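In what follows, chain A forms one complex with chain B and a second complex with chain C.
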Partner chain A sequence: MRKIITDPLVLIIAVFAFYPALPYIGNFISLGSELLLWFIFTMSFNLCLGQTGLSSFGHGAFYGLGSYGAAITFLRLSGPGSFLVPILAGVLVGAASAALLGWFIKDKRGVYFAMMTVAFTQVCFGICWRWDEVTGGEAGLSGVSRSTFLGVNVSNPTTYYYVCFVVFIVCAFVIRAITRSCFGLSLQSVRQNYVRSQYLGYNVNLYKFGVYTISGAFAGMAGAMYCLLTQSAFADILDWSKSGDVVMATLLGGGTVSFYGPIVGSLIFIICKNLLSSLWDHWLFIYGMSFVIILCLFPTGLMGVMQKRKKKKA
Partner chain B sequence: MLRIENVDIFYGQAQVAFGLSLAVRPGQFVGLFGRNGSGKSSVFRAIMGLAPPRVSGSIKFKGAEITRKPSFTISKLGVGWVPEDRKIFPNISVWRNLQLGEKSAKDLPRGQKLFGYDDAYRFFPKLREMRDKLGSQMSGGEQQMLTIARTMMGNPALLLLDEPTEGLAPNIAKDVLKMILKIRGDFNTTTIVVEQFSEELLRHLDYCYVMEMGEIIFSGKPHVLLNDEHLQRRLLGVG
Partner chain C sequence: MPLFSVKNLTKRFGALTATNNITLDVGREGIMAIIGPNGAGKTTFFNLLTGFIKPDDGKIFYKGTDVTGQKPYRIIRHGISRSFQVVSIFEEMTVLDNVRVGVQRNLGLMNKLFLPYHKDRKTTDEAMAVLEHVGLGHMADLPADSIPHGDRKILDLCMALTSKPETLLLDEPMAGLSKAERIRITSVIKNLSLDHKIILVEHDMDLVFSVADVILVLHHGTVLAYDEPDKVSANEEVQSAYLGREVADA
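The block that comes next holds the complex of A and B.
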């Protein structure tokens, strides 16, 4: 029982269970939903970076394609009233696109891997920006709506928040189970030294492909849920800067040393983005500077600092 | 069990081994000696399919050609490698390091798996004491014990030991060697060990080779080398 109470994930879940009731910030219910989706997105990214050491700097592609997958499915296939089908379509599109890219770059490493992912996201951005007939081009796709799911009215922002909350819980536990499984251990060994993993019998390229596809599925899920949150899909979220945001949030939080790093980083990033930006147009200056300062002083991010303090106390 | 025929090994344009041929029978304990830079470790890298080096010629394991096969395939076929310099996973705990070594044993038929956690802890009790510690928190000798135990967790049919006592304090080196001999005694694993020279080791070998400048310059029963100081001096610069 004590183990459950002291579990950081349970603590995060407990806080977000009462998010709508929190003073001031609780009024921004869509911000809460966006936070939860960003948690899923950054956790999915951290399966690549923190767990496997893959610099997937174009991860926004899977988030964006998941969003478009949901929007196109809703508008052209499943139609009004559908909810689960567009989300599943988003997951599938995220996973399929990650699998496609992953298959071609599974044997690449370091900067080559990173640049291929950035190039991929820019290609996807270009397609979505220009292909008016399918993606709506610059105007994007709007007209997606939320109605009911399992008899529950999800058009209400608070209800949708709790849908995002449940999805977040499921994704968080599944991703954590992956990181703690034998598969997760193998990924960790690939991150630490891929040559050693290879001569111990691990097909490193296959593991990289596998984790990339899984990660793409979760990113696609977050993107699809985001599409239903904003009831639209725009090419902006496929821009390389979106992928940069997820890298920054994950590193700032300390994703390379802790499972919870991406959550901490997302919390800071989204709150800065939404609250600071309403106060000052040049908020990115503060965010960028704090990113540089924190990572210069504490390369393992905020969770790294906390872990070091904990070790010192012990 | 292992047959190397007419193998040349290259690092880029530089050739480090010339027409090597050697054979190892099941259950044999074979030594590969030579001075620094003679190409001993490159032979192991060539067997394990690691790049570099580039290899030409034929390397057969249990009758199957393994030349230029990826190292994970070779490992799964039953070749376990303990590289020099104790290459553990530093940020993973001791028992998780051992768990990583099990991969090659997963394809073995039930009942054929012999070496497990109990054996790892029996041969190297230090590993049990340190099971939750990170690999980086271990001393050189402990890391070497972990590397050997981790490789044995894969239950290899052929064990390649690359200078297993290199850089260890004499008493630790003696302990490690003792454990290697004990493991061999208990499991009868076919083993090739690379060393610069070790009298203690020679006493236990079934056969030995000496390499110089990428060529095998001696092959024969170890007692020939052991009892001939002149030969030792000429071939290895010792004695």
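The block that comes next holds the complex of A and C.
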């Protein structure tokens, strides 16, 4: 029982269960949904960076393609009234695109890997920005709507928030279980010392491909749910700067040393983005400066600081 | 049947031929040592045998099976394993987890998506047994980057054992160790040689002549001698190329 109460994930879940009742930010219900989806997205990214050491700096591609996958499926195939199908389509598109890219770059490392992923995002952005017939081009796709799912009316923002909440809980526990599993340990070995890993019998490239595909599936799901949240899909979420945000949020939170890093980081980023930006247009200046200062002083991010303090106490 | 059988093995690095057309059957006896002056091609030869680099020419057979150019993760499936000159471990894991990575691979559990690795009894027991065997049991829960250098060397060796290899290749097991640690590793190696075939590259002549059953002397990428220790030390060519270099210079 004590283990459950002191579990940080349970704490996060407990807080978000009462999000609509929270003072001030509770009024922005879709901000809450966006936060939860960002948690899923950054956790999926951290499966690559923190767990396996893959600098997937173009991870926004899978989020964006998941979003388009859901929108196109909704508009062309499943039609109004559908809910689960577009989301599943997003998962599939995310996983498939990550698998495709992963297969070609699984033997690349470091900067080369990072650059290939950024290039991939830009290619996807270009396609979505220009291919008017399918992606709506610059105007994007709109007309996606939420109606009912399993008898629940999900068109209401609060209800949809709780759908995101449940999905977040499932994803968080699944991703955490993966990081703590035998497979997770194999991934860690790849990150820490891939040469040694090979000499213990691991086909390192195959692990990189595998985790990339899994990560793409989660990112695609987050993207698809984001599409249903905003009821549209736009090319700007495929922009490379979006992928940069994910990297920054994850590093700021301390994703390299902690499973909770991406959650902490996205919490700060999304809240800054939505609240600071309404106060001051140049909020990115403050955010960027604090990012630089924090990472210079604490390279392992905020969770790294927490862990160190815990160790000192012990 | 010889352990390794190499035919016309050649590896060049630019203009330098590090391994020059070697044809040889090696490793019938317990411990084989590869020696030679600096730049003789010892490490290259070692790395070719373990699949770390690919040869430009020639073939390598392990117990009759062609393993030329196979990737490391495939090579080890034939029963070959190696340690590293510069300690190669998972620095951020505990000592026990370092060994676990190898053990879970050997037990076929490495792809279990939802099996918590620290809860698997079989992996833990087997990993602990390996650590106990070499006297690192009491360090199991310490972070790997916090233990003394000598113990790290042994941990490196320990990890090589997790695939239950028949042949163990050790790359300079004595590099950077103190006298006391050298004595300890020597006894560990002797112990291992009881149930493993061992091939080692080493500069420490005390170790080489005290444990090796057979010595391979390389010079300028070719085989100078392949014989028992006392015959090697009596070999005039070896003496002039290597052991007696100072005498020749004087």
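General remarks:
Note that the second predicted complex is superposed on the first by the 314 of 314 C-alpha atoms of A that agree within 3 Å, B and C clash if a C-alpha of one lies under 4 Å from a C-alpha of the other, contacts with A are read in each partner's own complex, and residues count from 1 in each chain.
What we mean here is this: a residue touches a chain if its C-beta (ideal position, glycine included) is under 8 Å from a C-beta of that chain, and two chains touch if they have at least 3 such contacts.
Quick caveat, the model's predicted, so the values are computed rather than measured.
With the two structures aligned on chain A, chain B clashes with chain C. Of the two partner chains, neither chain B nor chain C is touched by A:Tyr194. By the touch criterion defined above, A:Trp240 reaches neither chain B nor chain C.
In the overlay built on the shared chain, the residue A:Arg180 is in contact with chain C alone; chain B does not reach it.
Legend: residue contacts after superposition of the two complexes on their common chain; A:Trp283 is shown touching neither chain B nor chain C. When both complexes are overlaid on chain A, the residue A:Phe298 reaches neither chain B nor chain C. Once the two structures are superposed, chain B and chain C can be ranked by residues of chain A touched, with C on top. On chain A, the surface patch touched by chain B in one complex and by chain C in the other comprises residues 182, 185-186, 188-189, 192-193, 195-204. Interface residues of chain C, counted against chain A in their complex, comprise 50, 71-73, 76-77, 81-82, 84, 88-93, 97, 100-102, 104-106, 109-118, 120, 123, 159-160, 162-163.
Of all the residues in chain A, the ones that touch chain B in their complex are 182, 185-186, 188-189, 192-193, 195-204.
The residues of chain A lying in touch with chain C in their complex are 177-178, 180-186, 188-189, 192-193, 195-204. On chain B, the positions that touch chain A within their shared complex are 48, 50, 70-72, 74-76, 81, 83, 87, 89-92, 96, 99-101, 103-104, 150-151, 154.
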